[in-house]
Structure formats: C-alpha cells, structure tokens
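Letters A, B, C, D and E mark the chains in the order given here, with residues in each chain numbered from 1 onward.
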Amino acid sequence: TNGFHYGSSSSSWVRLNVGGKVFQTTRSTLMREPCSFLYRLCQDEMGLPTDRDETGAYLIDRDPDFFSPILNYLRHGKLIMNPGLSEEGILAEADFYNLPSLSQLIMDRIQDRENSVKDATNK
Amino acid sequence: TNGFHYGSSSSSWVRLNVGGKVFQTTRSTLMREPCSFLYRLCQDEMGLPTDRDETGAYLIDRDPDFFSPILNYLRHGKLIMNPGLSEEGILAEADFYNLPSLSQLIMDRIQDRENSVKDATNK
Amino acid sequence: TNGFHYGSSSSSWVRLNVGGKVFQTTRSTLMREPCSFLYRLCQDEMGLPTDRDETGAYLIDRDPDFFSPILNYLRHGKLIMNPGLSEEGILAEADFYNLPSLSQLIMDRIQDRENSVKDATNK
Amino acid sequence: TNGFHYGSSSSSWVRLNVGGKVFQTTRSTLMREPCSFLYRLCQDEMGLPTDRDETGAYLIDRDPDFFSPILNYLRHGKLIMNPGLSEEGILAEADFYNLPSLSQLIMDRIQDRENSVKDATNK
Amino acid sequence: TNGFHYGSSSSSWVRLNVGGKVFQTTRSTLMREPCSFLYRLCQDEMGLPTDRDETGAYLIDRDPDFFSPILNYLRHGKLIMNPGLSEEGILAEADFYNLPSLSQLIMDRIQDRENSVKDATNK
C-alpha cells in the first residue's frame, strides 16, 4: 500500500523529458489524478501520436527543477519543498499540470509564510 | 491556452546547448518575444548556417544555471527566482537575450530588496 | 571496519536508477538493514525477475535528491542533512524504504528544530 | 558588442572537462585575458600536444562548480556569485586561472562582507 | 608551483566513480597525502586488481556531493565549504578517506560555529 509496487507486474515504467532532464516513474504514479495533464499524457500513449525524444521519453516543455515536487506529490501525496526552491515556482507548475489539490496546499503555505512575516514585522 | 501545446502538430522541439548543458523546449516558446536573441535564433534555422553541437543542439556561450529562469519566463510569463540564485546574474542574462520586459521585472525586484534592507537598517 | 571494503572480493557493485538518476553502491551497503526495502531488492536479484532499466540498473520510483541521505545512512550510519534539503522530505523516504531507526533520528531532529523555534518565540 | 557572437564565423567552440564536468564556450571568451591560464590553453591548441579526454575536451584538474563564475566573468566581465557558493572558493579559482582583476573584485567583496559583519556586531 | 601541471608529461588522468558520479583528476593530486585511501587506490592500480566501472573509472561507495571539498583540498590544500553543505557530512568523508589534517580543519570550523552560536545566545 505504501508504494512497494516495485517488481509488481502491473506497473510499467515511463520516461519523461522535462525541459531537457529525464525523470523515470511509473504509469500508476502518473495516473493518480484523473484530471491532470500527466493522466492525459498516459492515455495518449494508447492512441494519439505524441511528441517523444530520440530515446522514447515524453517531451514536456517545462522546468525540470520545479517538476520534482510535482512528481513526488503524485508518488506519496505530500507537499515537500526544499528551502532553496521558490514556492511561487512550484505553484506555477501545479497549475500547469492541473493538480488543484496540490495548488491549494501550496497557496496555504504561501499564506502561512506571509502571515508569519507580518507577525514578525508587527512585533 | 495555458501551455497545453503538448501533442499539437504546430509545435516543434528545439534543443539548446547553453554553456555545455542541454535544454529542450519548443519553437513557439522561443519565439514569444520578437526582439529577443532566441527569436532570431529560431529564424536563423530557416536560413543562415548556425553553430550546432554534435547532437544538433544550438550552441549558446552563456551560463546554464541562470538560463532556467529566462526560459521559464518565456514559457509562462512569470519571473520565478529561487532564493539560491543571484538576481544580478539573471539580470545579466535577461539583458544578453534582449528581454527588456523581464529585465524591468528583475530590476524592480532588486529595488524592493534594497529598500527592505534600508528599512531594516533604519529601524 | 570503517568502510574500506574497496577492492574486497566479497563486495559486488549495484546500480540503482532512482527516479531517473543513477546511484552506484555495493550490495553490502544495501543489505545493512534486514527489514528494509533495499535489502529485499538485493535478495530479489537472486530469484524473482525485477524491473531494470536498459543499463541493468534497478528502477525505483522515488525522488533522487532525497535518496542521497538515505544511502549515506546505510554507508556510515550517520544522519547527514544539508541545510537546503527538507527534513520532512527525507522522513518520507526513510519511511518508504522502511528504515525505522533512521526515521526516528529525523523525527528527533524535527522535534529539536521546533523546540528551538518555540524558545526563540517565547523569549 | 554585447556577446552576440553567435553565428559569427570568427568564433570557434571549445569544450572543457573541468574535474569531470563538461563546459562549452568559445575560443574568443577564453582568450579575453592575455595572461590567464585559459588564454595559454587556447594557444597550446595550435602547437603543443595537450591533455584531452576521449571526447576531445581539454582536461583541467579543478572544481567544476567554482568554475562557473570564472567562465561567466570572461563572458561578460561581471562578478556574479550565487549566495550558496563560497567566496573563498571562487577566489582560489581566480588565483589558479591567473585572473588578477577578478581576484581583486572578489577580495573587495569579502572585505565588504566582513565590514558589515563587524558593523552588526558593534551596534 | 600553483597547479599549472596541465600539459606536463608527468601527470596522468584518473577517473573516479564516487557513488555514481564521475570525477576527473590527476594521479599527482590523489597522491598528495601518503596515508590516505586515495593514495592507496593509486598504488593499487600498479598491482592488485581493483573495482572499476564499465568506463574504467574507480568505483568508490561514498557520497559524490561531499567528495568535492575532499578533492579540492587535495588540489589546493584549502578547506572550501559552500554554505549549503553540512560540515558534519564533509567530516565523515575526511575521516573515511583518512585525511586527518583536513578532519582537524573541519572540526576547528565546527567548534568556531558552535562558539559563535553560544555567544549570540548569551548576549
């Protein structure tokens, strides 16, 4: 239940080329949110011809560094943000990939940050 | 409208080798600002012979790390800066690629930063 | 005793493809914690067919950046966290790989951090 | 005048393997400072046999991360330092590559930093 | 004297695969400290069969990010630490590679850091 799909026959591996950097994940991870861009991408594989690079990875014209927290959210459902990464940058990606529950989590965190700045200023 | 050009037949993929690191994006992203260096680069592809590496990527003699926010700006029109990246470094690139609207955004942010430092010092 | 297994005939090298990034380590490092996911992975090599990429590396559908402190813990038994990496992100991985002693170390550190924030606020 | 040598026939591309990481730049960038190590490197290409890796890149036994601000200085003449990079580390490289004007810029910045620390302490 | 061994016939290049990342350096750099693990590694090349990856690089089962300051110390004798890197993490590597003079430098710096924290708290 907690991600041990390694070795299971139902999972299949997918390679994504996001802005020039390759990520490797499973179809089941990408299909966790039915309304998302990544869900649609996996369905396209069945039918429509789609853009792939020379190694067969799906091409996505977005930033690779901000994609990591997006993919991790689909893997385990948590919003994990390193201090060095801009919250606004991850929000732009969550909006692009159409993950409204994740966008909401990030907006809550931005709100918290701004409130704590205000508190510190008003002291 | 919000970037879902994936799979569209009108987009074509372009590889850029910026200072040794490869970025992958679309021609439509690079052609978003008609006065920019990257717009001219795409037009050159039609006519003039240009410098390419052995994999066919366009060679650009600039820093790759500061190029990410430049490319992201062309992708979604926002200035996203990670805390670990120097604002002056991104400004130098926005000037080089001839993106005056982005340069202005960065200069505004530098001004804000300096004002808040002054405020803290004068308290 | 302190990791000089280099050149020893009993060690064998293993390649892991974690979310698209390749790590290289030894079987003896991966088998240091008998209940962990990575221990089971090494045992599977003997028997069950498992998921590998085209270079023979084991595929694991998790974040590569948060994997570094996990692997280092197995190498030398210490919890080393760079300031730029989210503690909650490493905890999610320690839980996934089933390393309860490491999870406990991280939770202790998160507790310490929160206590020191509280101390600073109550001053 | 501001770096648009792209496509010009007088520039030729050079690959550097700095401590294992490959950088790509032009001969004209590397030859901007006549007394520097990198200028000499380009001249050697004409005559003496020199150390190259298997892809033809020049081998340099130095740190790659601290090399980025060095190369950027030769590209545009500015000292751009990300907050996460040690000033002393860049100074060691500026000295090694024999770029005294850059070394001076870094030493000025270190001096500024130490003065502002002293100011804060004496308040 | 200051590292310009480039092009010298007495230097030979060595590739190290540290935890999956490749570093390139010279034998003379690795042999700077006679008691170190890396000195022994270079001697082994003469005699004993050793572990190499498929490209001929020496395999070392340690973290690559913390290896950079270790290698830089052997290159120029200075301890350069980026703010984003844990001091305890570099110490663990200096101990592993058996570089007691470097370990001492790091412990001094940790001591300085803890003293300045104490000073700030007692004010």
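Note that in this section a contact is a pair of C-beta atoms (placed from the backbone, for glycine too) under 8 Å apart; a residue touches a chain by one contact, two chains touch by 3 or more.
Remember, it's a predicted structure, so these values are computed and weren't measured experimentally.
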{"item": "Shared interface partners, meaning chains that touch chain D and chain E", "value": "none"}
{"item": "Intercentroid distance (Cα basis), chain D paired with chain A, Å", "value": "36"}
{"item": "Distance from chain C to chain A - Cα centre to Cα centre, in angstrom", "value": "22"}
{"item": "Multi-chain contact residues (two or more partners), chain E", "value": "83-84"}
{"item": "Chain contact graph, described as a line, ring, star, complete graph or other shape", "value": "ring"}
{"item": "Ring path (origin chain B; first step to chain D)", "value": "B, D, E, C, A"}
{"item": "Chain C - residues contacting chain A, complex", "value": "17, 19-20, 37, 41, 44, 48-51, 53, 59-63, 65-66, 83-86, 88-89, 92, 95-96"}
{"item": "Sites on chain A touched by chain C in the complex", "value": "2-7, 11, 13, 15, 21-26, 29, 68, 71-72, 75-76, 78, 80-84"}
